[in-house]
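There are two complexes below, and they share subunit A, which is joined by subunit B in the first and by subunit C in the second.
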Partner chain A sequence: MTRTIDRENTKIAAAKKMRDIMTTYYLDALSAFQNNRQVAWITSGGPVEPLVAMDIIPVYPENHGAMIGSAKMGEELCSKAEEMGYCADLCAYARADIGCSVAKGGPIGGLPKPDMLICCNNICGTVLKWYEVQARYYGVPLFILDTPVCHTGFFPETAAYVKAQITEYIGFLETVTKRKLDMDRLNQVGHLSFEGQKLWQQVLRTTAHKPSPMSAFDAFFFLALIVTLRGTTTAVDFYRELLAEMNDRIAKGISVVPDEQYRLLWDNLPVWHRLKWLSKKFSDHKACLVADTYTSAWCGAIQYIDPDNFLDSIAQAYTRIYLNIGIDQMADQVLDMIRFYDVNGLVMHSNRSCKPYSFGQMDIMHIVHKKTGIPVLMLEADMVDPRSFSESQMDTRIDAFMEIILQRGTTLKG
Partner chain B sequence: MKDRDPMKELMPFYQAVEDPAALGRSITHKKIIGTLCSYTPEELIYAAGFHPMRLFSSSKEIHLAHNHLQTYCCSVVRGVLEDSLSGHLDFLHGAVFPHTCDSMQRLSDIWRLKKRYPFFADVILPAKMNTPSANAYMAAVLERFKADLEADGGITITQQALADAVHLYNRIRSTLSSIYAHKSKYPASLTNRDIHALVKGSMLMDRQQTAGLLDKVARRLASADPAAEHAQNRGTKRLILSGSVCDMPGLYDLFQDTGAAVVGDDLCTGSRWFEGLTDEDDDPLAAITRRYARRMVCPAKHRGLHTRAAALVEKAQRLKADGVVFVLLKFCDPHAFDYPYIKGFLDDAGIRSLVLELDDSQDSLGQLATRIETFIHMI
Partner chain C sequence: MIYAGIDIGSITAKAALIENNQLKATHMVFTGYNPAAAGRQVFDELLMQTGISANAVNKVVATGYGRASVDFAHKTLTEIICHGTGAHFLNPGVRGVIDVGGQDSKAILLDAHGHVQNFAMNDKCAAGTGRFLEVMAQALQIPLDQMGEISLGAENPVKISSICTVFAESEVISMIARQKDRRDIAAGIHRSAALRVASLAGKIHLAPPVVMTGGVAKNKGMVQALEDYLGYGIQVGTVPQENGAVGAAVLASGT
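Coming up: the complex of A and B.
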């Protein structure tokens, strides 16, 4: 994730600091072994707070996957996994990570070897299979936090099951580290996690302002800290600063897209290997992707978190996240975002790598279209593997979509 | 092993698999609940007075499901949705969706929002099958499903009804297992296609009727002359199939034509559905939960890091298989993730394997024929 904002005058100052923090984080993780610290690989939606409280360095293969995609190394590493027998239709994060583990390649020369693996299936069933593969490869213990999908609700048996597993999770960590979890420390981390998520939410909400001080492309970049350093003062301090900068930009009328005319909502993971191209493409149409359903997932379950009763409340908070609910509830959230950010259109990334995010998108599209009438564009691509991306086709489709938005805008005004 | 007409005891099974929808429409004495997965607690559906009927994709072409599912969704999920949207399944009273893979998870949502049938239920199974908390959760999930069925039927499912259902299902499972074992011992006693018809038919037909018909098949097989059967089996290559849904009779024929017999499998539409009995001297729900915990897992479930591969190697050795054929549905992620490591286990055990990536709806098996022939001749 090394994107730079290409327009000098609209550059977000915090970006440099963010890159420095991430560099330090990865250096710490890569030198964990020399410093006698343990490393846990954890899924992006997993409860990281107990790891932070126990001074275990959390490492996120998904964040690494995004880096691989941004560095345009996806094809090479995915191919490596395919040579090992993994089908090319599997999630590209998983393929790139599996390939990278063997090839020791990638933008940072591979992730540090894990001492343990923590897999929370609230985002997909793929992570279960992926982490099984890595548990066999590295020969390290795997903890699975199973968060049953809430198609229509969060049931008492679900709550009891996930709560029981949170206790098992702590027990697992204590066994692997041979240390006890300090509950006071966990409560501090819980407060910081909650604070970080609140600030992240506030940052994302600044884009409700017209013109928007940042875009979803910036959110894709600034997301890294709330994922990897959730529960630390580093994340809290950083987002406080970023929020101040956004508010300052609003006060000064600085928009990320010059002469913003249209506001769009993005659905699904980013196309990491074409961020710059897509950003410019929409910007050229004076369209700003003001929000997205992806980065907001890291503050989407905030209403379930009780910072004063953290451990008990995270069972619900980690189970009821955006992807782990029914598509009708997802559509409701999309509709809320359409209203809150006052957008003119919805762009859906039909992501071959992510079935739980992509299947159901068409139903959400129909619901959105019926309830709001705004145009919806569905683009088929892949978050990391560039082989599913056709630039010319994408170019034509975005032009046609923006033409509809423009005509509609004219009609509405006229 | 030449083509021949199936024995008369098999005809009802062949008729059932020929046109499951016609069979569904002909069942009028019970409301029908569609099932999509071998983890469906069918005993509960049966005990509630419904007829549980496995849904298979009959759709060669996708038109209506295109509006709901992208092309990178497996043919089973897309095909079953197409069948539903086209009215092909209008005989259903409803359907039940056990939680397995990501695609089924979203099919459940899409299906529920379509509101085509009076009854709908999710059975949100745990992903782990090997921990006490997961087993406790599983028991609670079955209780919820029981309550859903009771609410729909306006009935109470009695312990006796459940015990009777467990008994009937045990009868079906044990007879199917013994028939399959017979086929394994005397591969020429049944064709590969017979096995497909027997298993699939058993998932479709009225359960009482199925149990009776399977008994007849088992009796007929038992009456054959072992010496004559032995004589027919020389030179037969013994295969095990591994995968999820395998509903391609033509594929079974291809194996037959190349002189190979399917002597066992690890399929959702195979032994994962009928292997292992439910304890009859315990509380039925607790016993059903325990059967699931012990049963061979589908790769969407976790029961250890090497469980599936070790079990497949063990089965291949026990059944003296000459080879394993992976019949993987295109876009089936859980199986595709497991394939490399399971193949590694088979390699290490000296068991040859072949992987076929299939689209459930494909007509032409011609392109596979050469690969299959080469493989069979090689093993």
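Coming up: the complex of A and C.
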């Protein structure tokens, strides 16, 4: 009896509200045409604020890809793209999106047809070709924002180059919509975007508390708003509420993993199609994935944003994101997180789909190993395509990893 | 005090007994299609062989892919920790283990206490496993346990470029058709498998002294090919195949 009550207690109440918000968001997007509103497809790391300020509905094929993965429709839609001739090594988000456009299927019957595409290559190079393909398929204009990789730092040349493109971006939007961007409105949206990211960061940081009030699995879910509704009051209000709930859980000592003994850090995108299985697997070992490098990317460049000089500052903020920096800097961020969240181990998802994320993991693993000595586990899988997932292999690896942590803990104590 | 370890692999089931911190005996049977029965059988036969009654065994730890099916085990642990512990127990100075079994291969990095620091396993693929060698021996029509010996006489090892076992098999068949020397083909097969395994060792920066365990450790051709790629010598103990079971027994004594 007590057990059931405990389980009920661990549920996060804001989840229902979040689902409702996402449903409304997708309904709005799907009925945009009837309501005379325009839709822009945009990459997850793209500067969305000008779109919001111009009342264009941003839609994220990557978020949709995550939904496809969670709905376990990845194999079917990726196969569709493969049938069309796309290589199985292509990112599964791209394959699923391309497959879905043609099959008009997927968990919500496909995304609304775009009026324009906005592609920012701060996350990867895949999006360039992917968006070109879709721009051709839908016959709509495409804007490409090129953000050079900041291997060692951010230089004046890069700043000028990206800034010039931000100006072009605004020009592009004004041409497509035949409307002028209202700068006051943009500043308002900028403030809301900044505020939303700050709150998201605070939510994520609550997991530094022991035991953790939520896990990375929850963060994977709650992430959707800061991606899709960044720059809106909806996102700000929601995260304010979520933060309050987390603080309340901390005050009441409610942990998401019953009897949390071990704290782990996750690297790379989630394995969307196996979230439940993975969450249970770690939870059975009394291990909580307290943080991850993925969801924190949507507040990771916050220090570069100046809400009072928004447009100028986003050139830097959107260029210096986690996937667009050097391996050493990525490792530094991982090390910071290891210390901040006080974790016992690092779990790295070597994600067959995402090359920029998975490339360099081996180096980061060795750096972490050398500097902290904590065990690092490398899991080979794919965020959406279940054909790259082997349950029995995962099982043994996770068990072995937890045994290592346990053995280490005993030695450290003894 | 007596402790037992049972290791249920994909091809063979192994058992080991530890008495007063000494390895007393080991035994091995084929797993067949019923891992639970194989676990029982290998344990019973080992007890019979040593004249020890089941009641005298203080604790049993099961490991290997079929570990969950050993219903008389007090605890299950993964092969990784068991192989690490077994290797350290049998050879305390060792700092790395390369284990090549029937369906998987792994590299394990150990600290001075025999605790696992890191490990790497083959990914969803039979390349670099015992199964790969088995398929190739069949294609070459030579007994698996002779393939190692035969390959040692090679003069110009062939190059097998496919990673996939099925494609590698057709490559081998076409080489047979072209009447390539069997010894050269056998050596090429070992090199191909060894390269996969060596890359696992490289991933986690394995360094000597390294011991090789698992059934494939008995294959001299494979050991030599691995040494060539790694650039250092590797040791093979007297009971490489039972190493995981030994580790399980040692860990049983500590629980």
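We take it that the second predicted complex is superposed on the first by the 407 of 414 C-alpha atoms of A that agree within 3 Å, B and C clash if a C-alpha of one lies under 4 Å from a C-alpha of the other, contacts with A are read in each partner's own complex, and residues count from 1 in each chain.
Criterion: a contact is a pair of C-beta atoms (placed from the backbone, for glycine too) under 8 Å apart; a residue touches a chain by one contact, two chains touch by 3 or more.
Just so we're clear, the structure is a prediction, and the values are computed from it rather than from any experiment.
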First, second, both or neither for A:E380, with subunit B first and subunit C second: both
First (subunit B), second (subunit C), both or neither touched by A:A160: first
Contacts of A:S390 with subunit B and subunit C, given as first, second, both or neither: second
Contacts of A:H369 with subunit B and subunit C, given as first, second, both or neither: second
Which superposed partner A:K280 touches (first subunit B, second subunit C, both, neither): neither
Subunit B versus subunit C, judged by how many residues of subunit A each one touches: B
Touching partner for A:D399 - first (subunit B), second (subunit C), both, neither: second
First, second, both or neither for A:G326, with subunit B first and subunit C second: first
Subunit B versus subunit C as contact partner of A:Q407, first or second or both or neither: second
Which superposed partner A:A135 touches (first subunit B, second subunit C, both, neither): first
Those residues of subunit A which subunit B touches in one complex and subunit C touches in the other: 362, 366, 380
Subunit A partner contacts - residues on subunit C that touch it in the complex: 65, 77-81, 104, 113, 115-121, 123-124, 203, 205
In the complex, subunit A residues that touch subunit B: 84-87, 89-91, 94, 121, 124-126, 128-130, 132-133, 135-136, 142, 144, 146, 148-149, 151-152, 155, 157-158, 160-161, 164-165, 168, 326-328, 350, 352, 355-356, 358-363, 366, 380
Footprint of subunit A on subunit B - complex, ascending: 67-70, 72-73, 99-103, 105-110, 112-113, 122, 124-128, 131, 133-134, 136-137, 140-141, 143-144, 299-300, 302, 305-306, 328, 330-331, 333-334, 336-341, 343, 357
Subunit C partner contacts - residues on subunit A that touch it in the complex: 362, 366, 369, 375-376, 378, 380, 388, 390, 392-393, 396-397, 399-400, 403-404, 407-408, 411
